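One structure follows; several queries about it will come next.
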Amino acid sequence: MRKFVLLFQCQDRKGIVAKISDFILKIGGNIIAADQYSTDPQGGHFFIRVEFILDGGREKRQVLLEAFKPVAQEFNASWNLYDQAETLRMGILVSEPDHCLVDLLYLWNAGELNAQIPFVLSNCEKHRKLVAGYNLPFYYVPADKHNRRESEILAYCLEATDFLVLARYMLVLSADFLHKYNKDIINIHHGFLPSFKGVDPYGQALKKGVKVIGSTAHFVDAQLDEGPIIAQEVEYVSHKDTRQDLIRKGRHAEKKALAHAISSYVDYRIIKHENKTIVF
Amino acid sequence: MRKFVLLFQCQDRKGIVAKISDFILKIGGNIIAADQYSTDPQGGHFFIRVEFILDGGREKRQVLLEAFKPVAQEFNASWNLYDQAETLRMGILVSEPDHCLVDLLYLWNAGELNAQIPFVLSNCEKHRKLVAGYNLPFYYVPADKHNRRESEILAYCLEATDFLVLARYMLVLSADFLHKYNKDIINIHHGFLPSFKGVDPYGQALKKGVKVIGSTAHFVDAQLDEGPIIAQEVEYVSHKDTRQDLIRKGRHAEKKALAHAISSYVDYRIIKHENKTIVF
Amino acid sequence: MRKFVLLFQCQDRKGIVAKISDFILKIGGNIIAADQYSTDPQGGHFFIRVEFILDGGREKRQVLLEAFKPVAQEFNASWNLYDQAETLRMGILVSEPDHCLVDLLYLWNAGELNAQIPFVLSNCEKHRKLVAGYNLPFYYVPADKHNRRESEILAYCLEATDFLVLARYMLVLSADFLHKYNKDIINIHHGFLPSFKGVDPYGQALKKGVKVIGSTAHFVDAQLDEGPIIAQEVEYVSHKDTRQDLIRKGRHAEKKALAHAISSYVDYRIIKHENKTIVF
Amino acid sequence: MRKFVLLFQCQDRKGIVAKISDFILKIGGNIIAADQYSTDPQGGHFFIRVEFILDGGREKRQVLLEAFKPVAQEFNASWNLYDQAETLRMGILVSEPDHCLVDLLYLWNAGELNAQIPFVLSNCEKHRKLVAGYNLPFYYVPADKHNRRESEILAYCLEATDFLVLARYMLVLSADFLHKYNKDIINIHHGFLPSFKGVDPYGQALKKGVKVIGSTAHFVDAQLDEGPIIAQEVEYVSHKDTRQDLIRKGRHAEKKALAHAISSYVDYRIIKHENKTIVF
């Protein structure tokens, strides 16, 4: 018994759900979860996520991909179909702050992130011991503003990962890197986007005197802190909080937003659409 | 163009979604939202809510009810199908505290509660003016612990309402009343059930020294504060808060939980199952 | 027995609390609450709020103001001393959206806002009935973008109010108005400042695809949506929420932030400092 | 320059703050934070926490303790005075679930818990490696329901710790142990007390169909899950959440409540009073 997920989008019209559910019935599957969304039921764009169980072995996904093609073509859909047992390979890039890394490794080890971690890569050697404690490869790449060592990093990531997580990686990845890697990258920004882009968001928040701080997990695109937002979390603050207090309180929000985003991603719950995300 | 909602439950098995969506396609409908839940995909209990649009007039619902019967019978399902334009009639019972009443009337007037309000009934005459301001009937029934005047209340409610809301009605309705009314009743309890049942929950919370207070919207059944929970909301408190502060802070939680529960109910999002609710 | 509040700020140094509490002891008062803050205990700026009870009649405040002067001079302090029985006069300006107005009038009537309301002024006549229901004066001033009628509004406000609340007043008050009124004005902005300034913040939020929306209560200054922030509240949203949903959800956050800000203000809990607020 | 904290309680009356602040001025201190609370300014019980800075070495605390005695006697107060550089020794007891342990060790290592950790003691050997990674002693004591090995545990704790944290320690400590240890013990209960005492609170919550789960950090006393509550945190849940989901979501609330409670404790922010806590 395997669990599959279909992510599917097309122009909205009648009969999509009927066709998809009929397909799943005919192959002997049982739908165990379904969620759909339309920007407008009359002429809008339609999105659906369907989770179903089905007998089968490792080869089953290929069979299904072939079988589903005609259905998808009928609706001129953009789609994919995933076997939840084939977990995504998540490469982690991290700089000095380690709270997100600690949290991700904990969750992964507890079986709560449906992903593989081929490696942790950092420009900060101090995480070696922590990563070794989980028997995971650790790559130390001493990148900094003057030498971002992107080709070196790319070499580690390109084949070995399905997506990357920037778990507080403090160097901006170049458009060239994004182009060459050409897969999804999820970043945690320690500010409440679209406020407080760029460096030192907590310092910016302090200066502005806000009463709530936030963090934002988002897909990376070529514009700094501008990709589609996946998850946001907040913490209340007061005049008493120093910059150090904001950093400390913000960690909760960062960990929660990033874990939520990654968890949604590896469970195939996210569809990107224009500059936004549908998170089922 | 009308919007219909199907609420449907049966033993889980393959093909339910396919059958339902095929039915909707054949009658010319377009599914605009769907949510499902199963206690266990293998042999559990299955629940689904489907929202679809369809051309048609007032008589359409009767046609659909007939047409859907064979589908439902095939799965031995418990179900109903609603026309969202046929709004439910919500009778409001309230005692002295008026914050929930004020909130409900505001939301209703703003078009945010998809319901009719045939009347507000109270054992406290002071609400007359407020209710008159919305051009709604107000029934003053001076019920108290010694004379609950239930037959009088029942006379107002029985034919004129589809369900009742106890928006801080401080008298317990008897099992006999519940039996005779025999429709849903939603209560807001100003405590975080299952803690703090019965009288003066804020006083109980204060005595216990809790750091979070809550409120609970739930269906009424014959046991006091024991029916299926629909929605809960919380507020953080501290040692500084007096009983009066808890009452004041608690109002937020009460209003939010009750509005959420009623809104879910009138949009046909709630299915009761055993002593719990599925809230889609 | 009257309750007084001292708000006091000066450069931080040793002995301030001792001097103030000694003063209160000597006049026969009992401190019932105190809160202090320093930007830096060594050479920073010091703020304190002290609440104390004391026997006395209406004239007592004048006596205390005189008596405290030498203490304040010793520290070269900026300060004021309030008799909590002398409630502030709060003028309310409001345009079409009425949720904040409804909430404020409810809270005021329930005795939860320690303020007087000399009038509600609106460029939208529909609120007349609601305001009349509370036996408060209602001034209809049909201001719009083309004719802001600020001198007319000023005439109502200047003598009769101690501060103004813009409870969703949709016209920007000019620098000239602010200069002439020259007292505090509290605004509720339906966006999470510093994001989403200006018009249609919910539309902006929707376009950006944020997962949390917010509202901000702040003092008004000459720059649009830029004055010191007093309170912020948030609500979680998803891809499913339409602009109308954001407006609806946002109302909770607006009401909560504005009520919190006003309540802090009338209880003399706020000190402005540079472009920020200390909210005790 | 050292930072001291005074915790002080007595019957409320005039002049307490004046006396204390005068004392601090005379010894050359500068008050940097103060918080007070009274159950009733007229004849109630008064509590105050004062934080001040002062020049001095390690011996200073003894000097201050002597010097303050006459002040305290004047008010017949219960009090203590702490040097924040003399950090408390926190013994950690933990069973199989490790999320609180991981969080506490992370926070401690990041310098965010003002405490020493003389050891981690567990009846589950698997934590040895994690604890060793922080260079802390790990004591494996295979206690279980049939043999609680309390004298063995007590031998580790009695001299070496100032207080204990039960970071999900699943065996109830006997009244005899509590009596012999005779210092504070902080427990995290994975339920929203006073609801869901005892075993499997998430299972209880699931059965009851609640829509919010919570966790409670509290002092341990002889009655199970009944000691004074220090901090509570909540998470929203739905019908979709399985027992496993509640456990997963609950971890957030448990970590947050426990970290908050311990952090308040080691910063001398908590006063126990009757069966409640004042948490400044």
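Letters A, B, C and D mark the chains as written, and numbering starts fresh at 1 in each.
Keep in mind that, in the parts below, a contact is a pair of C-beta atoms (placed from the backbone, for glycine too) under 8 Å apart; a residue touches a chain by one contact, two chains touch by 3 or more.
Just so you know, these numbers come straight off a predicted model, no measurement behind them.
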item	value
Interface residue identity across copies chain A, chain B - same or different by half	same
Chain pair with more C-beta contacts, C-D versus A-D	C-D
Rounded Å distance, chain C centre to chain D centre (Cα mean)	37
Multi-partner residues of chain C (each touching 2 or more other chains)	none
Sites on chain A touched by chain B in the complex	12-18, 21-22, 24-25, 28-38, 41-42, 53
Residues of chain B touching chain D in the complex	37, 192-196, 208-212, 214, 228-234, 238-240, 275-279
Contacting residues of chain D [partner chain A, same complex]	99, 102, 106, 110, 112, 129-130, 133, 248, 252, 256
